[in-house]
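Across the two complexes that follow, chain A remains constant while its partner is chain B and subsequently chain C.
Right after this comes the complex of A and B.
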């Protein structure tokens, strides 16, 4: 069986980027973006599967404008040959369901056996797109997988995933959506030849119209009203024993 | 006029940054403390293809343009000044004349393994009485039996003690002074070629630096690199432009790393009841750095662009090197003052930035000599400096 794998990637602020909340409640993010941590793991997992299934076809998808192209170039540099940008700048910041609607529309023509995504994005941590794609496509979902063992000829895949400090082993047929947890794969540093190939590649774009997604689905339903910093943590006072703790609590009128 | 990098170059920078973050930065302190050549890291960078960055594809290189090389130099220095020096010596100075003038046989024997990381190369200018002043070169190459006999000693050679081959500047006709200088390829194992003292340097540690000795080394004529003898200085100018811009970008990266580290410290260090980042005199240090750093990068990338466009930019490259490395010393000094006493502790990175910043002052020409050259050009030709 020749496997068809789709990988979903997103560009997010680098964890070292300086992020500030302005006085008007908007985010000011340093212009330093990277492919989301868990998405890179998903890309590497797809490449690992292809190592054992040489005829596997992998398509990386990203929704949005210029930044989505950067994440696709990253996927190309890592080793994926087919990449596709879905939509345009109007999708930047769109909610999970709007993004999943575009992805699902494209997957209906690609017909993947396996959809891989990061378990959550490195910016909003919503963890929404993978599960929503699963729902829209009517595919089973395994979240936060830490291992994937594909039996392409047998038409099944075995996975482990962790939940509530327990590790589960599950098995499924195809197609299936799997989201990647840390430990599933170790993203490699791309060789410069592939970096340069990705750098110069023309990235295919499919518009919202061509995907046939109506405005009612591609327009986000969630609206961000603003950002605010969490309250500053009160100063911590260390005490050496219970007697001192009781004394301090009494002094402060707590007891 | 557009001051932005292209999307492609931005992507290339992000890829190098990733390699530096994952492969070099976890080893930065270890390289500095041990002062040993990081052979495993060298292999990793060779396998990734970076040692062939600017060489033709037919020899296993990547054919990168000048601007990509510059981005590479800047990002590498964020990781480790010493390792960046070893790598840039290999991909720029160490192999430049071999690729440009070596016979096909020499390229197969020397360049191809250098790109694979199997052979280490270097270039030799400096002697005990010459460096910025190339006219003081005392190493000689004398014509004999259809070849050349090389005699002399070279000092401060990056990668020198571990090199497999080197490009050596030598005097072929003392009566012609600077017009008698030429470049020669010397390979490990040749009779009379040996290494001298390794230097225990203050900064840029991990790049092995030392003395090379040439005692009646016989070289076949094909090891004369260039179109005949006597054009060494002209050829040196071609590469010195790029060396100077590379050094300037190393300086920009080190200053930026030092100040980013100091910024985090200033946000966390509380003095008199508030973070020191709230004090105006501390803020002024960040302001000065930002201005100096921005000016340095603009001057440096303009010089890089002029190299890429094939323009005459000898003085712009000198200016960039001088301004950016002086900026680096000043910014790192201010960063250390923000850090206070902790900047003097080996447990924190500021002391390394202080040591590395000093190293950059000297390579590519000391500033007394560069100032003299820039000033003379200004007097000669007016404001353009040409």
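Right after this comes the complex of A and C.
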């Protein structure tokens, strides 16, 4: 059986990019964008699966405007041949459900055995899209997987993931949605040749109309009220003696 | 159909309501009161003792006493909650934890009922009749505040955001409800291994001692010894997990767990934002680091500069002496 794998990717600010709140209350984000950390792990995991299943077909999808194209070029450079942009910049900043709806519409025709996504994106850190795609498609879900073992002929997949105090090994048939946790795969740095090739590649786009879903209306679901600085702790109290430390901890009632 | 309720998805561990669960009920009671709504705990599975326990802290427990809900299955749990909504009406909001299970169930359920979902909320209030939540974005560099307009407003809440619910003067009631329960999603559990490696689960421990690269190898024993003295759990930075020294279940931070103990002692951890994001809602944070300029001190209430090798045993000794 030839496996079909869909991988969902998103372009987000690099984890070291400076993000700050401007005087007018909007966000100022340094222009350093990359394919999201956990999404690259998902891409690598798909490539790992193809190593053992040479006829596996992988399709990378990204929802949104120009930036989403960049994450698809990255997926291409890493080794994925089929990539597709869904929607346009009207989808940038849309909520998880709007994104998941476009993805689900595309997956209905692609018919994947496995859907891989990052466990959360490096911008909104929401962790919504993977589980939401599973809900919309009625597919089983395994979040934050740290290993995937595909038995294509047997039609099943074995995964491990953390479940509160335990690590669970679980098994499922196809199709299934799996989100990637750190440790699932080690994304490799693509070779220059492939990066160049990916830069020149024409990226297919499927419009919202072609997907046949009503235009995204996340504004009816979520309204941004503002941005805030992270909470700060009061100035640290430095102590030089363990007895002094213990006395303060006792006074705070934590020991 | 809608109902004027806020539901809390109650998590029971080892027959006890988790700390995080107590806090969720506390939040639901407080927010329900402001708007004249009713707070309800939803319990899945046949645990009568847990239902009774919950009724001590909330007016009414909605008990889905069905054996098909005894074992966790994301699709089955989401389906049962959807069934409850059909039977009872859509609540105004559903509160759940940031634990591994609710992080699957709640966004899946949100998609099934066409509603928005927000994770990792550190603050919840009202904006008119809508829930307003605050949550970290961009790895914690900034926080956003969102009003959730769709119903039910579905959120997962970070531990430490609210005080645990106090016992009610008169216990509430338990209402047994039977709902449609979908068939298993076909994900079967082959093996369950404790990832705490004999220790406590860090998600629900009151005291946590965490070690980083500064206490790798043999030095980590001192972290374990200090945790023992405190009757606490042991945790680690990603550096030690990546090095294969500690299991992933003990990792605190963005690609690990978010925890909120009463006391968090960070030993030999530099304080990268990815780590801090997993522990910055802890009540009291202590940092022990040989570098006086380490970032971790900015995330701590109390700090000691020095070699962990000397400080940790001395600290354990001083705590024992006090007991």
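Heads up, the rule we're going with is that the second predicted complex is superposed on the first by the 231 of 255 C-alpha atoms of A that agree within 3 Å, B and C clash if a C-alpha of one lies under 4 Å from a C-alpha of the other, contacts with A are read in each partner's own complex, and residues count from 1 in each chain.
As a working rule, a residue touches a chain if its C-beta (ideal position, glycine included) is under 8 Å from a C-beta of that chain, and two chains touch if they have at least 3 such contacts.
All values reported here derive from a predicted model rather than from experimental measurement.
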{"item": "Chain C versus chain B on the shared chain A, clash or fit after superposition", "value": "fit"}
{"item": "Partner chain in contact with A:239 - chain B first, chain C second, else both or neither", "value": "second"}
{"item": "Larger contact residue set on chain A - chain B or chain C", "value": "C"}
{"item": "First, second, both or neither for A:143, with chain B first and chain C second", "value": "second"}
{"item": "First, second, both or neither for A:198, with chain B first and chain C second", "value": "first"}
{"item": "Touched partner set for A:73, first chain B, second chain C, both or neither", "value": "first"}
{"item": "Touched partner set for A:254, first chain B, second chain C, both or neither", "value": "second"}
{"item": "Partner chain in contact with A:190 - chain B first, chain C second, else both or neither", "value": "first"}
{"item": "Angle, in degrees and to the nearest 10, that opens at chain A between the C-alpha centres of chain B and chain C", "value": "120"}
{"item": "Partner chain in contact with A:23 - chain B first, chain C second, else both or neither", "value": "neither"}
{"item": "Chain B versus chain C as contact partner of A:54, first or second or both or neither", "value": "neither"}
{"item": "Nearest Cα pair across chain B and chain C, whole Å", "value": "9"}
{"item": "Partner chain B, residues of chain A touching it in the complex", "value": "33-34, 66, 69-70, 73-74, 77, 189-193, 195-196, 198-200"}
{"item": "Chain C partner contacts - residues on chain A that touch it in the complex", "value": "13, 15, 17-21, 27, 29, 37-38, 95-97, 100, 120, 122-128, 131-136, 138-144, 146, 158, 161-173, 176, 181-183, 218, 220-231, 233-234, 236-240, 242-243, 245-246, 248-250, 252-255"}
{"item": "Of all residues in chain B, those that touch chain A in their complex", "value": "7-8, 10-12, 14-15, 18-19, 22-23, 44, 47-50, 53, 62, 64"}
{"item": "Contacting residues of chain C [partner chain A, same complex]", "value": "13, 72, 74-75, 78, 99-101, 103-104, 106-112, 114-120, 122, 127, 130, 132, 134-150, 185-196, 200-201, 203-204, 207, 230, 238, 247-249, 254-257, 262-263, 274, 280, 283-287, 297-305, 311, 314-315, 317-319, 322"}
